[in-house]
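Take a look at these structures.
Two complexes, one shared chain (subunit A), two partners (subunit B, subunit C).
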Partner chain A sequence: MQLVVFVVCAVGAVAAGAAVFRVDSMARATFALLASFVFVAVDVLLLHLAYLGVLVILMMIMEMVVMAVFMIMYMMNPAGLMPMSMMHNRRGALAISAGTFVLLAAGILLVRWPARRGAPPAEPTRQLGEALMGSKMLVMMVLGLALFATMVATVVLAQHRGRYDRYGDELERRVPDDPIRGGVGR
Partner chain B sequence: MMLQLFLLLAAALLAIGLYGALSQQSIVMIMMGLELMVNAVIVAGAAAWWFLAPHRPDGQVLVVVAITVMAVEMAMGFAVTTAIFRARDVDTTDAAADLRR
Partner chain C sequence: MVRQAPLWTALLAGAVLLALATIAAVGRGVAVARRAAGAGTPVAEVARLLAQQRRSTLAADRLLWRSGPAAVCVAAALAALVVPLGRWTAWDSPVGVVWFNAMEVVVWAGLWLVGWGANSVWGVVAGYRFLAQGLAYELPHMFALTTVALGAGSLRVGDVVAAQSGLWFVVWMPVAFVAYLVAALAMAFWGPFDAPAQADLAGGLGAELSGVDALLLRAGRYLMLTAAAAFAVPAFLGGGAGPLLPAWLWSLLKTVAVLGFLVWLRDRLPTVRMERYTELSWLVLLPATLVQALLVAIVVLLR
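This part shows the complex of A and B:
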């Protein structure tokens, strides 16, 4: 039964992943990617990783909805109403990716994998939580710092006019230089 | 045999993502390719944990790192897209080839 679920989800994940780059509509591509992530998450759930599987599903639903909004904001053909090709070097990319798959598959099938060591924990989520709050605390701290740096960097990159635009490079202006005059005391 | 099946799934996802990242012109579509590749790492990490060393938490921690990488990649990707779109109306990689000159 598990094998059947795995095969169905694996085929679904690969098919949905391939559909991402085949459909005309970018909104459809986003939801194909979401389907691929959900299929993969079901396979992760088969490995008794309940927390991580559900986390991937919830996170990806949010991420893809945000992505769909960005698609519609920026892309020139979000709904696929005008069939157009947005690709370059298609043959080269196909050859490189097919070669990569063949190489990886050969390695996967030819390597003699070691036997499983140790028994699975009764509660994998507890094992993960204790590791992140114990022996793998450094990983958690680095991830936290990286996420904080990401928040700062994304705000800096995405804002239209920051305080250096308004108050000068040395922040020396007493009154900000705004395109539209007005405001309290100005 | 199941470990190999999971790893083959990861290899297929990685190859599709690589194809997308190399062949697409739209910046957002390239990010989708990168996400598929990180997704492959999630599958491979989870499978390695379950089939090779489930008594140690390392595989699970790797999956958490991959999930975080995915979030960071998406946030930074959209921030860069916003910045370059705002500055120059650019939404494809071919229009942002300044470093080549």
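This part shows the complex of A and C:
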């Protein structure tokens, strides 16, 4: 049963991944990629990593839907009305992908895999939390800070109007002058 | 306390969800017609939509379009799997709270697909409206669920119910409960959050839908609202706890009460525009849920 689910999801993930480059609309490409991620998430669930598997599903759906918005905004042929291709730099891409495949496959076959010592923990979610909040805390804090700073910087750079537009040249306005009013009475 | 039921009960969970959603639709029919004659409205609508021929639009992306409404229905059914009915649950997942959250997010994808696939301006605008709504309601919703998991010290829905044997979470997490109910309305684009399906967009998401697809979208909306109301019971209202009556009946009664409240709210509040709600959500609701999570964390640490 597990083997069947694994094979179906593994083949499905690869097929959906390939479909990203075969379909002719950005919307379809995005959702083919999402399908590929969900198949991988099911394989993660098979490893009894329930939290990580469900989290992959949750995050990937949100990410792909938000990505669809941006991809359709910036990329060619959003509606699939004209021919489009997701393939660029064909020779280079072929060389890189073939090289990566050979490297990973050789690694799988040549590395002497260690035998398992001990048993899996009863609660992998707790183990994960303790690892993230314990020994890996510094890494996670730096990572979180860097991501947050990136987001703030991107929003600031993308802003059409700065604070002088909103609050006046001397920042004298008490209430900002916004073209679209928000919901808290400003 | 809450135990895993046999596998076939997954079907039972779906049937109960469908029955409750039907009750909600019938209740809404009565409320709109202001007399008992409205009770037949949902049944008549189902019959009409089943018989109606599917229309299509020029150059519609049919695969994506038709998978949208189906995804909403499937997501609601899968979300309901982790909701315990009294002492039994169809799927006693160790990460039930996260599972419910993940299935609720499927609605994002489903509704965007509905809007996009039709190749119609009304649908596309409505799809983007729902995404803006999603970005506004999702974080307070996640923090509300986080607070619940924090209070219980577990992501298993059964443990969440067990943690409320002394005091229901709604009593000492009122802000999280309110944020949860607001998100429940928003994820079913119900009540004040029905801008993606409003008349100013000629029906928005449903503007070009017909036949079975329209039926699935409307059913999915009720199913999602019902699933969200049902999950509020183990998360905040003590699950099946209550005097005299059996636990499963208490679960059902509480679900019907929450669902009835959500359905009743719909005609009491005007539609809120997304830019307004986004600011309200990020500047008021999000800090409020964060403070709530902090207070709960302190209580959990001290106790």
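Please note the rule applied: the second predicted complex is superposed on the first by the 155 of 186 C-alpha atoms of A that agree within 3 Å, B and C clash if a C-alpha of one lies under 4 Å from a C-alpha of the other, contacts with A are read in each partner's own complex, and residues count from 1 in each chain.
Note that a contact is a pair of C-beta atoms (placed from the backbone, for glycine too) under 8 Å apart; a residue touches a chain by one contact, two chains touch by 3 or more.
The model shown is predicted, which means the values in this text are computed figures rather than measured ones.
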Partner chain in contact with A:68 - subunit B first, subunit C second, else both or neither: second
Partner chain in contact with A:94 - subunit B first, subunit C second, else both or neither: first
Touched partner set for A:182, first subunit B, second subunit C, both or neither: second
Touched subunit A residues, subunit B compared with subunit C: B
Contacts of A:55 with subunit B and subunit C, given as first, second, both or neither: both
Subunit B versus subunit C as contact partner of A:25, first or second or both or neither: second
Set of subunit A residues, in rising order, touched by both subunit B and subunit C: 55, 66
Interfacial residue positions of subunit A with respect to subunit C in the complex: 25, 27-28, 31, 34, 50-51, 54-55, 57-58, 61-62, 64-66, 68-69, 79-81, 123, 125, 180-184, 186
Of subunit C, residues touching subunit A in the complex: 59, 61, 63-64, 93-95, 98-99, 101-102, 105-106, 108-109, 112-113, 116-117, 119, 128, 131, 134-135, 138, 155, 272, 275-281, 283-284
Residues of subunit A defined as touching subunit B within the complex: 3, 6, 10, 13-14, 17-18, 20-21, 26, 29-30, 33, 36-37, 40, 43-44, 47-49, 52, 55-56, 59, 63, 66-67, 70-71, 74-76, 86-90, 92-94, 96-98, 100-101, 104-105, 108-109, 113-114, 116-121, 124, 127-128, 130-132, 135-136, 139, 143, 146-147, 150-151, 153-155, 157-158, 160
Residue ranges of subunit B in contact with subunit A within the complex: 2-9, 11-20, 22-29, 31-33, 35-36, 39, 42-43, 46-47, 49-58, 60-61, 63-65, 67-68, 70-72, 74-76, 78-83, 85-86, 91-92, 94
